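Next come two complexes, and both contain chain A; in the first it sits with chain B, in the second with chain C.
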Partner chain A sequence: MSRTASRALLILLLAAATSPVEAAGVREFVSSDWSTQIVRFFTLQDASVRFALIGSVLLGLSCGLLGSFIVVRKMALMGDALSHAVLPGVAIGFLWNMTKDPLAILIGATIAGLLGTFLVSAISRTTRLKEDAALGLVLATFFAIGICLVTMIQRLPTGNKSGLDKFLFGQAAALSAEDITLMAIVTSIAVVMVVAFYKELLASSFDPGFSRSIGLPTRWIHHGLMLLLTASVVIALQAVGVVLVSAMLITPASAAYLLTDRLHRLVVMAAAFGVGAGMAGAFLSFVGPSLPTGPLMVIGASALFSAAFLFGPRHGVVARWLLRRRGAARTQRENTLKSMFHVMEATQFRTEGVTLHDLAIRRRETIDDAQRLGRDLVRHGLATLSGDALYFTPSGRKRAGEIVRNHRLWELYLTQSANIAADHVHEDAEKIEHILGESVVRDLERRLGYATFDPHGRAIPSARTIHGGDARREGGNGSGK
Partner chain B sequence: MNAMIPAFDPHAVLVAPWTENLSLFGWIAAMGFAVTSACGLVGNYLMLRRMALMGDAVSHSVLPGLVAAFLVTSSRGTLPMFAGALAAGVFTTIAIESIHKLTRVKQDAAIGITFSTLFAIGVVMTSLYAAQVDLDADCVLYGEIAFVPLEPMVSVGGVVLGPVPFVRMAAVLLMVGLLIVAFYKELLVSAFDPGLARSLGTNPTLMHYGLMAALSVVVVSAFESVGAILVVAMLILPGATASLLSTRLSRVHLLSLVHAAISSWLGVTLGVWLDCSIAAAMVVAGALLFALVWIVSPSEGLIARWRRRRRAVLPSALSDDSNPVPEAK
Partner chain C sequence: MSDPYAPLEIHDLTVAYHKKPVLWGVDLVIEPGRLIGIVGPNGAGKSTLIKACMGLLPLQSGWVKFFGESFHKMARRVGYVPQRESVDWDFPVNVMDVVLMGRYGRLGVLRRPSKADRSVARACLEKVHLLPYANRQIANLSGGQQQRVFLARALAQEADIYFMDEPFAGVDAATEAAIIAVLRELRDMGKTLLVVHHDLPTARQYFDDLLLLNMNVVAFGKTADVFTAELLQKTYGGRLTILSEVAQALGAHGASR
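Take a look at the complex of A and B:
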């Protein structure tokens, strides 16, 4: 956990450290084509670039950090409702003294956001409406109130320059020094709170019942999280905009969710992804002609998510597809081994090898198919092919015995313990034979009294016969690991 | 602050829109009614199926489809618009399903990721091709219903039917109404009991995609006048209000239409008085109606609940103190 904290703080410090860097005085840029813009961005010579960059780093950090909790708590769309619900608060905060005072806007928006979340739970608690309907209702209604107020403000003589329209889609370049200060404060509070209460957040996110039973104030943890969430949505508003800020909560955290199973790694990765997406958005928005920042940040975050979705090492689509394919290939090899075993069993194991001809007849396939399957076994060191006969290698012999044993044990188990008719158990055993592990097999053997015959009257290979000479040499303890 | 809320001029607010300015506000109110009732009817089924947030998702994701249709055909014709919206709607549904089925990301997060991505792409496209697309970024959010009367009029055989967006929306409303009448039983059963629906020979998957298609068409026809976000309120508010007053689906439909009519009238009034976005004012009016019903509804309202609870908790206390019964001890 301290690692999480130190890494998060490191990012924060790095962001702060880059701010005072004055760029080399390159002033002769007059044209503003994209290459010039790129140079201007990376040399950080404009204050607006520095502010935009620091701002997007800060908002990416706080949104990613808190977003990971709403993703694991399955409250993703609460973030959406919250982000739309703050709009009237922003307008009222502006009306307070008719300027874009960051603090007044923060307070107004926080109150509106909390009122929105309160209304969602009140509606779904006291009426027949489901929570999703309540969420959508509150979200869109608060947004409509906000739009009414914003259009009324824009009609005012001073309102035209209010810059409130920047709150809809975000413009990172419009961030001021005060905005940055406020963002830094809120982000630091969020980081400190998450670090300090990490254990409580972890417990209450995954097992609310358990956390209540050990005396954690889960309701207060929930409210505290909502408060932090609202504050971080509000500081992100000006750069990302009301409409898309929820994506900065959900998307980086979901991408991280596909890459790790540990919450502390999830939090750090989500924060890092948020920072990456934020910087990418700030960059593209600066380079492109008058593009809003928010949508670009969201596209950045979605690109990260797509990468995790496709290429994540464990939960990615490609990895899972490969795993399934590998599993299918293994099942096929094991079925070939089993067929070889059956052919040899038919001659009471008097022959050493199995001809491709016999294998093909057994599997009701062509000789070519049998040859292909045989070659696959040879490639994996499970059999050798000489002439047109296949011979088990020791490991192939062992695996074949295990598969046949698993199949027959399972059939026996189903007929004896589950009272399923003997002619109904084959299909099920065909599937499970590839999955049963050694310890389950031991358990099955014990439960079935070390039976020697399956329901169809065929011998169940025992550990001794499967392991052949090895088991005898080791003293016949039969536990063949 | 006072400069913001104009004085309430009864004539200008209550009378003028319906007399001297009827040619303007009449069409706006009619458009509001057509949008809100079509959305409300479709929304009722979304809510029954607990898919209210699919409305949110589809309303955001039709934007890139709409922009792509504008760019490809360089026209604002109805047909390319519908085609773009349908493609976007179906794509959204499939994307959400596959994220949610292929990975361990939960459905709500999958919805959030999908629609925000598509919407972001749509907004960037609108900004990049602003000249060709003729949709400005703010209009994408809350539409511009006040421009409806300025659109070219459609007339058939000398009879003026109305501005293009209104005629299109009215046709969509009519279509939604006819579909509901034709498939009332199938929709009802598949919403409440998909298993029974299947055994009665209705294909629930077909119903699901049909509903999504209807949703996309309704949302895209409403898009230019009410935008991507307010349409969510119009999908949910009429049905939510109606379902607090009745439990029969047919009555909920009728009450939704009543809600749509009142909220579009009240919305125009509010919008004229406060001089703000009329579409947003219609949603605020609809929300006020919801709040009113939430408080006073005879079966589900807060007052009724409070009274029921009081009666349930304190039966003896009530009979002892407040209404002394002439007792026979």
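Take a look at the complex of A and C:
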């Protein structure tokens, strides 16, 4: 927190000291009418729109692609440090010939970035400090130096300083044709390298020790990745800004991480998300209120992440919630089946059906509740309702027997094998009965010597009675998870 | 095995962390076709020894030769099972991806695993009874299954000498039996296996030879010759818990005779 706060303070100071850092939108570079702006954006009439869009696509692609690897290598903070560490390099690159020459800035920034990462590893290797402290230290120092240099440059009387202030918050519309060329080159190199060395990147990210044991040059792979990362941070700098560029590395890759279990898909998805976020940022900045592109891109990426977090098919919050709810509903149905079984057991199975009245008494609920539960069983084909009595369907009868058997087997197992007192085991069995699979049940039965009575003296339904003579036939069916 | 050279020769190996030596002057010559257990107390340098052999740690002094050559030249003939805890099992790969990594050392740069590599990987998964799990994400496996994934990856290396770092740590009985069966099969094929192991009673059953290690080689030889109260006490430095464990192991052995 304090790092973010101090960073914000530095930016404020800079803004106060120099001409204010104007949050200029792309719109200021062209005329302003809301609906025609959208048309202009999509028809790509203006060179500045074309450059902004192409630039956003390129930076989104390279950041998403390389960001995947820093996320799976748990180096996400390194991206943050790197993006701040390049700022003095940007300033020195500018000072080289007092103009915004993209190549000089790229070289300067790359050197600064690599120096920063080198210092981080040197500090964590040679002192007692761990990497997090080293990262924070180097990041803040380099950023402070960078802010001072940029401020000094803007006070210089000579030189074409236009666009240098954009390095803080980013402005896609400030991209020139040369910038775009450089971005295209860096992005192409990144794509080619990742495709060519995918297998090495995969192995060394997952298991560096094993990778070295099979002769992969893990150290060079790391350095190569850092070099590409630095280059892609630098090309993204003008459009996204120093402050937020690390988000373009981390956020698309993190969103993809929530959606897939395979690295190659993660990489492709992250690149696509990066492109999407980049384009969204450029578009919003063009048609919307005068805002810098960087924050808009990052908000776009964060929106994608939020969507993945909430609606991801497997790891998403909604999916997990639905799964839990479905599980809870199934447990409730199974408990109803069990109650029906108990009612019938009390009459030694002399009656066929169970009246809602008996069910309600058994469950200590109202008739209305019993009716609601009964209808739920009917909906799922586990029972039929005729008049005021519920009748098992074959599958309902089978599942009811399984649940009761699971419950009693588990109680018996706990009392016999785990030496837990008979009056302590019911609560546990209430949960376990719903999740025991058939194979575990077979094992329990074997271990318990095919016992026929539970610790409370009640009969344990056998496989024969549950499955109607043939235990194998429907074996896998009811053994839900 | 027509190699004129020993699979592994270690001469005067010293390894240090931050200038503090953890292994001193280790000399060893390992014969082919042996299943060797490396045992010793915590911090004895067991993992350090195998990592240093493969050049994963810098050597303070000494040299290591595989089949008469440096590790670098012979890396393809060396298989490795790292400790299970050394990787992040949430990593986005499935079982097949991991096992295929065993083939990477044989593939050149820029080459992808071929169909033949995939069928080798499948055969290795079959050996450790994990073929049905080939497409499963590795986080959704039990600890024993994860350990067997690592073993399958090492099998896919088709190496001649294997280093295994605690392959039996925290696995279920079924996995332990499956692993030891695979290790014995490899040994019978003439391969050499060095296995870091921490459980003394089973060490005695499992291994042909034992390397008793505590910063240096306390003893190395046939299990029957080396597994003595005296040498174990020397290795473990008279720590009581270990001694009682040893006494129990010796007692159990005596009873079974």
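Throughout what follows, the second predicted complex is superposed on the first by the 400 of 481 C-alpha atoms of A that agree within 3 Å, B and C clash if a C-alpha of one lies under 4 Å from a C-alpha of the other, contacts with A are read in each partner's own complex, and residues count from 1 in each chain.
The criterion applied here is as follows: a contact is a pair of C-beta atoms (placed from the backbone, for glycine too) under 8 Å apart; a residue touches a chain by one contact, two chains touch by 3 or more.
From a predicted model like this one, the values you see are computed outputs, not experimental measurements.
**Student:** First (chain B), second (chain C), both or neither: which does A:Ala196 touch?
**Tutor:** After superposition on chain A, A:Ala196 lies in contact with chain C alone.
**Student:** So, does A:Thr260 touch the first partner chain B, the second partner chain C, both, or neither?
**Tutor:** Second partner only, chain C.
**Student:** Quick check for you: in the superposed arrangement, does A:Thr141 touch first (chain B), second (chain C), both or neither?
**Tutor:** first
**Student:** First (chain B), second (chain C), both or neither: which does A:Ala85 touch?
**Tutor:** Touch status of A:Ala85: no partner.
**Student:** Counting only touches as set out at the top, which of chain B and chain C does A:Gly209 meet: first, second, both, neither?
**Tutor:** Once the two structures are laid over each other on A, A:Gly209 reaches chain C alone.
**Student:** Under the stated touch criterion, name the partner, chain B or chain C, that contacts more residues in chain A.
**Tutor:** B
**Student:** Once the shared chain is lined up, is A:Val268 touching chain B (first), chain C (second), both, or neither of them?
**Tutor:** Neither partner.
**Student:** Please work out whether A:Lys74 is in contact with chain B alone, chain C alone, both, or neither, and reply first, second, both or neither.
**Tutor:** both
**Student:** For A:Leu59, is the partner it touches chain B (first), chain C (second), both, or none of the two (neither)?
**Tutor:** neither
**Student:** Shared contact residues on chain A, chain B side and chain C side combined as an intersection?
**Tutor:** Shared contact residues on chain A: 74, 257.
**Student:** Touching residues of chain A toward chain B in the complex: what are they?
**Tutor:** These residues of chain A touch chain B: 71, 74-77, 79-80, 84, 95, 123, 126-130, 132-133, 135-137, 139-141, 143-145, 147-149, 151-153, 155-156, 165, 168-169, 243-244, 246-247, 250-251, 254, 257-258, 288, 290-292, 294-296, 298-299, 302, 305, 309, 312, 315-317, 320.
**Student:** For chain C, which residues are in contact with chain A within the complex?
**Tutor:** Going through chain C, the ones touching chain A are 51, 54-56, 72, 75-76, 78, 80, 82, 86-88, 91-94, 97-98, 101, 104-105, 107, 109-113, 137, 153, 157, 163.
**Student:** Quick check on the complex: what are the chain A residues that touch chain C?
**Tutor:** Checking each residue of chain A against chain C gives 72, 74, 196-197, 199-200, 202-203, 205-207, 209-216, 257, 260-263, 265-266.
**Student:** In their complex, what parts of chain B are in touch with chain A?
**Tutor:** Chain B reaches chain A through residues 1, 3-5, 47, 50-53, 55-56, 99, 102-106, 108-109, 111-113, 116-117, 119-121, 123-124, 127-128, 137-138, 141-142, 229-237, 239-240, 243-244, 274-277, 279-281, 283-284, 286-287, 290, 294, 300, 302, 305.
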